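Here is the structure we will look at, set down as structure tokens.
Order as written gives the chain letters A, B and C; numbering starts at 1 within each chain.
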Amino acid sequence: MAATAAPGGAPAADGAPGDGVPYAVELRGITKRFPGVVANRDIELRVRRGEVHAIVGENGAGKSTLMKTLYGMHRPDEGTILLDGRETTLRSPADAIAAGIGMVHQHFMLADNFTVLENIVLGSEPTRRGRLDRAEARRRILDISDRYALNLDPDVLVEDLGVGDRQRVEIAKVLYRGATTLILDEPTAVLVPQEVDELFGNLAELKREGLTVMFISHKLDEVRKVADSITVIRRGTTVGTADPKTTTARQLAELMVGSELPSPETRTSTVREAAVLQLDGVTVAALTGRPAVDDVALTVREGEVVGIAGVEGNGQAELVEAIMGLRALTAGSIAFAGQDVSGWSTRARREGGIGFIPEDRHRQGMLLEAPLWENRILGHQTRPPAVKGPFIDRRSARADTERIMSEYDVRAPGPDTLAHALSGGNQQKLIIGREMSAAPKLLIAAHPTRGVDVGAQSAIWELLKDARAEGLGILLISADLDELIGLSDTLHVMLRGRLVATLDPASLTPEELGGHMTGAHDGSVGAA
Amino acid sequence: MTKAAALLLAGSLALAACASDEESSSASGGSGGSGGGEDLKIGLAFDTGGRGDQSFNDSAVAGVEAAIEELGGEVQELSPNDDASNRGELLTQLAEAGYNPVIAVGFNYDEVIAEVAPQFPDTTFAQVDGSNADGAKGDNVTGLLFAEEQGSFLAGVAAALKTETNNVGFVGGVESPLIEKFQAGFAAGAEAVNPDVEVQVQYLSPAGDFSGFGDPQKGKLVAQGMYQNGADIVFHAAGGSGEGVFEAAVEAGKRAIGVDSDQYLTAPADQQAVIMTSMLKRVDNAVQAFIKAYAEGEVEGATDVTNDLSTGGVGLSTSGGYIDDIADQIEEFEQQILDGEITVPTTP
Amino acid sequence: MTALRRLGTSLAAPALAVVVALVITTLVIVLIGQNPLTALQVLVDFGDTPAQQTQAIVVILNRAVPLFLAGLAVSVAFRMGLFNIGVEGQYRMATVVAAGVGAAVVLPGPLHVLLIMVVAMAVGALWAGIVAVLKVTRGVSEVISSIMLNFIALGTASFLLTGPLRGSPEGASIITTERLPASAQFPALNGLFGALGLAQPRGQLFGFLLVAVVVGIVVSVLLKRTRFGFDLRATGLSPSAATASGIDARRMVVKTMLISGAIAGLIGLPDLLGRTYSFGTEFTAGLGFLGIAVALLGRNSPLGIAFAALLFAFLDRAAVPLQFADIPASVVTIIQGTIVLSVVIANEVSRQVTKRRAGRQSGQATPPAADATGPAGTRIDARQEAGA
């Protein structure tokens, strides 16, 4: 079945597909309202027992609300939930667990200094005469581990585990509580490709054992790889189902966004002669061991996007902070628009015309508990329109926030809305709008589309492209290889604090780039 | 951070409230029984610590009660708030409500009584531990003073006669002129017996910080130090902190001298064994005498009533009988003071 | 969310807290065998004669002024996430030095008062500045260092009082600094009662009330309307975001502590310039700690702190009449303690409610931290938290 504009298949009256076996999960006409907003409307969802069912949609489309409904975290205003054909009311996650539904959260909820065994049994400990029955727990965990090929060692401390292992612990935790339907919320967001493959292997095992998996994602390639069927959510409602075998990623994406998809590719070079940023021998000390940033030299010219690729934790964050004056240099110099700014304060650099999109917008980019107009001021405290002399110009700040909201499509009730009420994409668009409003000469963009849905992502790409065409120099740090290859004019690879390769994005595949990032091709292509 | 702090704070406020709750019990006379118009209506304003401090506040209460027993009447007691910022209000409201006489307990009333008393010329005031010999506080204020240095001198004599290590200690609550009188007298008395005796002196808190009168832990710590440094008798003039001094004495197997009231009588058995004597400061007698004088119309105002050895206002207690064997020698010194042969210094 | 609704939410919390505190206090009063209605009556009974009633107002305002200043001093630091527990020491040092300097110089009236205020603010700022310097250069927690400095202030003030600044005669039982001359005394505001056609109270209304109002307005404008205030609040909301925005966190710590300390320096002045005219051993202590409670109750906003200070003062006034009614004065302390505790809890609850409501407004029920998801496309992460 190809992508259709309506829920696929004629709904059987008894909640069963054609073969007579009831659906493991069926939602009929689920509507959930929050004051002033309908988060879910007429949701129709049918999940067969023993399949991997993907739910895709943009951020803010209502996936999370739906999953919370299914996990008993709140009750729908309308509609019914059928589990194995029986109408069920879920009042709490405990009800959901009792009904065999388990949730693997995107952010792991594990205690680092406990062992795998302790984490798994935490909350449902088998006891013998009031004491934790370790032997029994171990037996059951090893049993689960064997059956689903989770490969767990019960006695390892969780803090010693990698991300993929932790995720398997989470899965085991859910299975340990007897779940037969697993909800995985964005499970691949935190994984590297090899781990993603392993996860998909585990999902296959779960499926083989007859468990049902609901897989929330917006990584369409993955969804097509792993899912047996797909339901697409857009603007709070289910807009269709799709068969992954016959649907392309592009078709899916268009179903998700409801429009043609953008691509990050930039067409013509707009690189000019004048350099806006020149790093020379930039070195930043780490707390211990070798420097976090080691002898980095690079140049960003007007109208140029310089990309930095690299596995996270290889010094990109430190490099960005050094350029922004948030971290001291141990050696080297930073020149901005021909001036040595190594000794400048962060504020002086920002005033001079460096815009900054931090990688963690909650930590460095926003005041979550402040209204949007105050967030408009953040980082621009010394420049109009936000200020007049030593005073804050509230009216202008509000007006300019409204301008940004309309120009950059920030969806929020108004400038007095608190920042944490916005979705990630809208927060990010506000940050970009704010930084662009000051007409910077250089933009340091760290993961500008991280955690942003497809619609916002394309909007951000367009913004960056336009700014580049107008002569803005951009230093782009990203983990999204398509983004890096598509946007960059020049691409550097960062490994262990050093720039180990300079690549031409015009003739580069994500696979090749990935190889450089892990050091497989270290220095093979024109070292910097 | 702020939340934790708030909880801490609220907790401590509540604790403080509970703590002071025990101390400030209700007025004993009560406003209900107004009785005949002739009856005395005595106003009693405490200093910080209030009722139940087992020290001068309680002693004043005892004096008032004894007076009521004898003369009839009622009393309204008022305690100041925690930071004692409303002392003036206490006196004012007592006077406004028609209480007469109004007795303020403690030298901390020095300034406010000088402000309030002139506003109520028809009310008779008295201040325990405050002087009004020059009439600066108004014509209607009488100072009830004590020759603490004389009593302390005798305590020093007793200590010097009893010490086996030739080393005695003095623990003062707050380093203020009043407590320095105790120190001066004690040191002079000890040296009068034996010029070579070593007198260790320590105060628990500096002037302006009244925590030294209510910090038994610190009292114990300081006394422990003195015993370790060779003292075998420690005299305290530290109010509630004295409890700690006694504990230290029990633990060290040494002796201590109490203050204000006969502390032997209120101490538990293990401490009774170490309280050699107490330097008595008969606030009760002074207050009772003042009320009696007032009832008989003999209060002149703008004067001081000094309670010293000659009036029995200060002295040594003999409960426990630990100093019976040196009674003669103590009496000798007492006589010399009474005869004016010895003038006890009031400052160290 | 409408402004009205937000106002409602922000007022609901303290109001609820007061109610809860009253309920608890009622229970306590019943438990000790007294009539809570009597207590309530005493609280609101300002006296029989007009003069007594205005006097009660004077007592309340005179108590509220230093409490307000103390709350303000604490709140300024709170707003940027600093816990200035050292207000106590700061005002003690400020008052003793200001009293000494004020008595030592001769100046015409307003100038003399002004000099004393400047000296007090400078000393308070300096004392708080030590905390700031220790924090930015050595990383010492301001809580620890300011507690320690409170002890040092006690000792130092005592040394100054008994030593170089001693003005009282040898042998006087209260040691004080030399009395301030008339030119340094802040005139009382009692003319106000006459102007308003009210009875003249017995006591004097602190003229310093005016200074407190001005300071409150200045602080309010500073926090809400100025760049500096924005930087201060931003640092309090998110130090990392503030730093990334170009705010020099260290400099902010120093500046904020200096301001907090300068305001703290004023706490003792209403008494010094309006009543005692000298600093002595019996000078009111503990206002710095009460200021923390007042700041919490007032939710760190100048207007809220003004209300909180008045509420505390209103309750404090009842301490004396309660004793006349045979109810222990500590009931007042219990009410104050429970109010503060309830406010903290109620604030937290209302913050959660506001947050949840805001979350629903935009139709995004996910918690804000849960959307750091990856972008569509190939992506390689070393670790979940790497580089964060």
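Methods note: a contact is a pair of C-beta atoms (placed from the backbone, for glycine too) under 8 Å apart; a residue touches a chain by one contact, two chains touch by 3 or more.
Because the structure is predicted, anything quoted here is derived from the model rather than measured.
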Inset, instruction - For this assembly, give the contact graph shape among line, ring, star, complete and other. - result: line
Legend entry - Which two chains share the largest set of C-beta contact pairs: A-C
Inset, instruction - Return the chain label for which the distance between chain Cα mean and whole-protein Cα mean is smallest. - result: C
Inset, instruction - For subunit A and subunit B, let me know how many angstrom lie between their CA-based centres, rounded off. - result: 73
Legend entry - Computed distance of Cα centres, subunit C from subunit B, in Å: 35
Inset, instruction - Could you please state the distance in Å, as a whole number, between where the Cα atoms of subunit A are centred and where those of subunit C are centred? - result: 44
Legend entry - Shared-contact residues (touching 2 or more other chains) in subunit B: none
Legend entry - Sequence positions of subunit C contacting 2 or more other chains: none
Legend entry - Residue ranges of subunit C in contact with subunit A within the complex: 1, 224-231, 233-234, 237-238, 240-248, 354-355, 357-366, 368-384, 386-388
Inset, instruction - Would you mind writing out the residues of subunit B in touch with subunit C in their complex? - result: 1-3, 5-7, 9-11, 13-14, 16-18, 20-21, 24-27, 30-31, 76-79, 81-90, 92-93, 96-97, 107-108, 110-111, 119, 129-131, 174-178, 205-210, 346-347
Legend entry - Residues of subunit A defined as touching subunit C within the complex: 34-39, 59-60, 62, 64-65, 68, 74, 106-108, 162-163, 186, 188-193, 218-220, 236, 253, 311-314, 316-318, 324, 326, 345-351, 356, 358-360, 362-370, 374, 377-382, 387, 390-392, 394, 411-413, 416-418, 420-424, 426, 449-452, 454, 457, 479-483, 510, 514, 517-518
Legend entry - Partner subunit B, residues of subunit C touching it in the complex: 32, 52, 59, 63, 78, 81, 83, 85, 143, 154-155, 157-159, 161-162, 170-175, 202-203, 271, 276, 280-287, 289-290, 292-293, 296, 316, 319-321, 323-334, 336-338, 340-341, 343-344, 348
